[in-house]
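First chain A sits with chain B, and in the next complex the same chain sits with chain C.
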Partner chain A sequence: MGETQASEYRSDIHRQQRDLMLRWYQRLEESAHGGPPAVSLMISGNCVELLEAFGAVPLYPEVNALQLAIRHQSLDPILAAEEMGYAADNCAYVKADIGAMIKGITPAGTELPVPKLVLCNFVGCNTYVKWFEHAAEFQNAPLAMLDVPFLRTAEPRAEDVAYIVCQLKEIVKQLEELTGRRFDYDRFREAMRCSARVEEAWSRIKHLARRTPTPFDAYFDAITLMGPLYVYRGSPEGVAFFELALRELEEKAARGEGIYDQERFRVVMEGPPPYPFFRTFRDMFAAWKATAVASTYSTVGGLWEFGFRHDPDHPFESLAMHMLAHNVTNRNYLQRYDQIRRYIEEWDADGVVIHFVKSCRLFSAGQGDMRGYFTQQLGVPTLYVESDLEDPRYFSEAQIKNRMDAFFEALEHARSTGTLHRGAAAIRHAPGGEIAPAAADRLKILQ
Partner chain B sequence: MSSLNETMPAAAEALIERCREIVDDLSLGEVRRWKQEHPGARAIGYFPVYAPVELVHAAGMLPVGLNGAGDRLDLQYADARFGSFICSIVKTTLEMGLTGHLDPLDGMLFSGICDSARNLAFVFERNVPAKYVEFLHLPQNPASAASTEFLKGEYRRLADALERLGGRKIEEDALRASIAVYNENRRLLRDLYGLRAANPHQVRTSDIYLLQRAGNFLPVETHNELLREGLGSLADREAKPRDSVRIVIEGAFCEQPPLDLIRLVEDAGCYVLDDDFLLGLRWFTGDVPTGGDPLEALASCYLNHSVYSSVRHDFRNRRHKLLVEKTRRLGAQAVLFLIAKFCEPAYFDYVLFKRELEAAAIPHLLLEFEEKAFTFDRLRTEVETFVESLLFD
Partner chain C sequence: MRVAAGVDVGSTQTKAVIVGEDGGVRMLGRALVDTGANVQRAAENGFLEACRESGVEPESVGFVVGTGYGRYKITFGNTQMTEISCHARGAHFLFPSTRTVIDMGGQDSKAISVGEHGEVLDFVMNDKCAAGTGRFLANAAEVLGIGLDEIGPLSLRARHPVKITTVCTVFVESDILSYLAQGKKPEDVLGGVHLAIARRTVSLARRVPIDPGITMTGGVSRNTGMVKALEEVLGTKLQVNSDAHFAGALGAALFAIEKMGESFESGIWRPSNATPRG
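Up next, the complex of A and B:
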């Protein structure tokens, strides 16, 4: 096993990313002092384009929570929240955010505004509903509930779209009243156009990872790009940033440069990262020159690599479609299996790494079954490790490292004996054959 | 049997014993029997909390409420599929499916009550592939102009699937009749709760619990008869009132506490005036209208006339305010939170409940349980200490 290599890619993208996120915090501080109105939103399948039409700034508690964790500031607020009555087993994102709110801690040290509206886009995660209910309560801010039906059929239904569109229009009215600003339909469509361009660039970046070697890590590096993706997707700054990122990475790919001098393993990552130990976790992969070629976590905000784009000609409907069907959180659990399987096949991976996160049942409830599906049914090497995305008390470095080393050692051994397969060939099916996809069964029964 | 120093009339005793047998039978003996008596008919299970059972009934099928397996099933498979930090009912439900206990069921209904239950629906679908599995989206925004239309559409979707599964149409009149018979069921349950609240020294919570829960496995018509019987006989118990604390139980709407824990709470000196056990059975605050469009009636009642619950969001009527209001209305002195381990909706709601209760100077105690627990020494001490602190304050 080689010594740890610096795996992080540093360039213009990183400088700009930092600037953009800093500017976001400045805008939020301006908002706190009578500047543009702020509206809280959840990341999953968010509708930031709607806010652009009001010139409003999105306030993402999840981004704040992860910033606290990555800066090693999450434990204090978590403890403060537990003192208020939150349970040890509640999602620690919520605890960090509410605890920080109560204690007046902010990730960048800048002031955060009280949002004009706490807009709960309930896209998949039930915890969102509780989180925003509490955030509204503790900030004494109005709350709006945007109920997005879970994707329980193969395709969204017309009724689902109609329900969301009606609610979006009700929220527009509510925002007009609360902000005293008029909804600018042209600006809304312009935001949709920006989003479509950002999504195109982001999707092409993700497709670059299909090459060997991949020019960027679709988990660790993707996370760097995700901040701007949520905050700036519907704006010209977002377009400029993502088009620059695409150019840089295309050039890197054209030069045949990977992340390491030699890429050894390609994995698909499932689950959020352990933000309090982000660096440590990344180094464990770097030690094996293993790169993530795809990740489900990077599709929480939206799933664009399979083709979906916002449509300026049908802005409300395409917002609804995005929230319903084109982000990982609102897609059902078996659709996530399919998504990972597609990554293995089309992104040419050797295996899957499942990071079980204690806080997040949306991701983790059922990951044992998922692992069974990949190892036993599809015969794909799969590693399963446990920690948390926010709470530093749940990270056992030695244990995770041991498992990681054992996993990659096994892959290496398989490679040396010619039994490690990549991409479509990695899927070999267990001798028992595959259980038919559940949806097909359901249809059979109904016929 | 207990410190209540009571004698129970023989009729009531036999009734409760019968319910207990039904509830304890993990293999759903009553459902198997019903299917034998109704060849070709289907039975549809549903995971808590609420399901539109009227639609299943009107399709000529038997709706079967599932509430986990208590301590009666060893987990061989489900633990590995769900791992740590997940509540027990999610695992026991899957385990029951994997071990043949749910074989008499032709289908299963789930809804998005929490993140774990939502994923369970799909893991269940994959692991128990021979069943029809449906996931219903019950609106979390009751106040939009489109909410009723959406929910009607969702019920229509379910009705269509049930029609295909059963090979027969759900007629509007049949659905109205089903609504009427479930209205009666809920009315009887409300009466039962009223009876206990008025006579907590005579009507034991553990008894009305069993009487209710047996309804999960019986045709509603049969359950209605049992309830009438219970209403007639349960209050005949001879028991003297004693020093007790009048409480409301909150937090056990999905995974159910072990029966022994419910008994323990009573034996330790609590008169339970209200609880949220098996909440889905008493979901509506009044009758669902039996005239007009029945799907519309069901949808509109779900949105506007449901009990408050940690898994249904209604920002027009805040749960923490409603708990305080209910506690005061019933004249209860305290609230006992019984929360299933790892039940995230209950954990979250506790924070706002606690804040509101403290502001209203209503004492409370929080206990966590697991359905599979069978020793309760620590919990007993906690309840006893709590009761003493209230009695001798």
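Up next, the complex of A and C:
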């Protein structure tokens, strides 16, 4: 295919996003010199609102790692970690973060602080347990580990919610001691109010992608918005940013503007992007004028497009609910099947593209079965490509491009013969017109 | 007669096919050259040789579709398509009952689920590993000091095929040397090598899944030992013939005839600066 490139949306959103992320790094540098306390958190189902109550700054190792990758600086720290003894198939995020820590590399060139607390809000990914243990050890910082039960049932049990609330309150006490600051309950509730507004705006932005053409790419463009979503969600800056983004994108949608002059294919994306080759990967979609109308990766920090909001009237309980049930990583695989299926049906998609991450066994291991579920049980065209989110050594451009081109050639051919269906029509109906039941219904057997 | 060409520049070999349409579509000629370092020249040589074999002037070819990894290097091509679409189309042309294609090439092996008109429904490929490809066989042949064309027939004589436990193209060499040191016969070693690749390929193919009407394409389809090993593991016969090696180029040529439409555009052929050999 030709050299079509995405007409990326560039406006106030992008300028402000850069400013906000730069300011975040500046605050972290201030923290290193006696400024606000910093606390390490993991992105998945993060509880950043709790830190707002202390005026603390979140330090996200994943954001640092992906910033290094997107700037083509991840290989040196990865190699440094491997020299220390980390294995070739360890999570490349971990290796980039630990390697950068040891070598003193930072993404923005600004100093990073030693966190007052390394808080592993363990949600879904058990590699993080070891990652945060190592991060605490190497930085000589205190470690706290939240135990968040994995969601095996459709809804969390009341005991699970109470269990998390109890742990969060212990963290509050620990943070009071470590930061020397009092937990400000009013500020905590205010953070919950800000988060609810940000989540509402973010959710409405995602729902804009249900339009044809979609005004923004819910994978590549969504990633631009995800940094502020995690760092500033519980703050007035976050509210201002997301309400501006919503306004701008609503105006763009009202003008009928899409990503390309003519949107040809609409896909749902599963898996994180290959950050070291972010541009190259995006161009492979652009060559076919294909847009992502929804993505599971943009729900790692929280899944809000189906209605969940933080609740200022029940702040601890809603933090617990968010961590247990309203982020993609703590939900089970069958629920993820249904999440993707809902995107296909309600966001009017033609197919699914899975990007398998070689160094992430936890979330990639089941993607072969996932491909089988969508192609064979639901009859939805699904492409599976492999590389890595952080390690450039796993990206083979010719191989990935070949698969992408073959996938879209097949979709184009199917369209020319009238056999390509979009949205709800794409889901295969069983003989007699009965539609396949939701995958998570199988969970009832387990309960 | 409307004439079109398909050129498949693979990692190891370049294949070219000329088709003509005069009422029905038929294959007029084909050519095979080594790809080597100069991809552009290989494409030109293949195309010109196929023209000669077909008895058509290069200037009379109305449309050229390039495929394979070197497809973007074909300077005289009108457009490019992936070899996945082309193998499906070519295999369907050769055997209209094709519903599954197993294509084994120099560095790729793939399984394609094919619709009733030769369209791609689904596909899977090997990733970042040459096990299960022609390269694996080439390495085995090299270690044994036997020509690549001879290993298939020799493997058919295996009475007690050895068990090859590694599926790594590099480490298979030490496995083979170890068996030879134990006094195993070369045919039994080769029997084991072919079975190991067949098992790996079939487990890849089962992901599409495999529907009856299985056609084998690609360079390895010439290897009679591999065809038999695959049939043994699959428990069914494969559709394969001497044109199956050219299925990618043939599919590209069929797409070329289709894309050419009614407008005959002569003089597509423009030699590049690289002087063709021969």
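FYI, the second predicted complex is superposed on the first by the 423 of 447 C-alpha atoms of A that agree within 3 Å, B and C clash if a C-alpha of one lies under 4 Å from a C-alpha of the other, contacts with A are read in each partner's own complex, and residues count from 1 in each chain.
Everything below uses one rule, namely that a residue touches a chain if its C-beta (ideal position, glycine included) is under 8 Å from a C-beta of that chain, and two chains touch if they have at least 3 such contacts.
Model, not experiment: these values are computed from the prediction.
Chemist: Can A:C125 be said to touch chain B (first), chain C (second), both, or neither?
Modeler: So A:C125 only meets chain B here.
Chemist: Looking at chain A, does chain C or chain B touch more of its residues?
Modeler: Higher number of touched chain A residues: B.
Chemist: I'd like to know which partner A:C166 touches here: chain B for first, chain C for second, both or neither.
Modeler: In the superposition, A:C166 contacts chain B only.
Chemist: Looking at the overlay, what does A:P381 touch: chain B (first), chain C (second), both, or neither?
Modeler: second
Chemist: Of the partners chain B and chain C, which touch A:A414 in the superposed model: first, second, both, neither?
Modeler: second
Chemist: Examine A:G372 and indicate which partner it touches, taking first as chain B and second as chain C; both and neither are also allowed.
Modeler: both
Chemist: Look at A:R403 in the shared chain and tell me whether it touches chain B only, chain C only, both, or neither; answer first, second, both or neither.
Modeler: second
Chemist: Just to be sure I read the superposition right, which of the two partners does A:T110 touch: chain B = first, chain C = second, or both, or neither?
Modeler: Touch partners of A:T110: none, neither chain B nor chain C.
Chemist: Just checking: does A:T212 make contact with chain B only, chain C only, both, or neither of them? Give me first, second, both or neither.
Modeler: neither
Chemist: Quick check on my understanding: which residues of chain A belong to both its chain B contact set and its chain C contact set?
Modeler: Of chain A, residues 368, 372, 386 contact chain B in one complex and chain C in the other.
Chemist: Residue numbers of chain C touching chain A in their complex, please.
Modeler: Listed in rising order, the residues of chain C that touch chain A are 69, 80-85, 117, 119-125, 127-128, 207, 209.
Chemist: List the residues on chain A that touch chain B in their complex, please.
Modeler: 84-87, 89-91, 94, 122, 125-127, 129-130, 133-134, 137, 143, 145-147, 149-150, 152, 157, 159-160, 162-163, 166-167, 170, 332-334, 356, 358, 360-362, 364-369, 372-373, 386, 435-436, 438, 441-442, 445-447
Chemist: Show me the residue ranges of chain A that touch chain C in the complex, using the header's touch definition.
Modeler: 1, 368, 371-372, 375-376, 381-382, 384, 386, 394, 396, 398-399, 402-403, 405-406, 409-410, 413-414, 417
Chemist: Write out the stretch or stretches of chain B touching chain A in their complex.
Modeler: Touching chain A from chain B are residues 79-86, 90, 107, 112-116, 118-123, 125-127, 129-137, 139-141, 143-147, 149-150, 153-154, 157, 161, 164-165, 313, 315, 341-342, 344-345, 347-352, 354-355.
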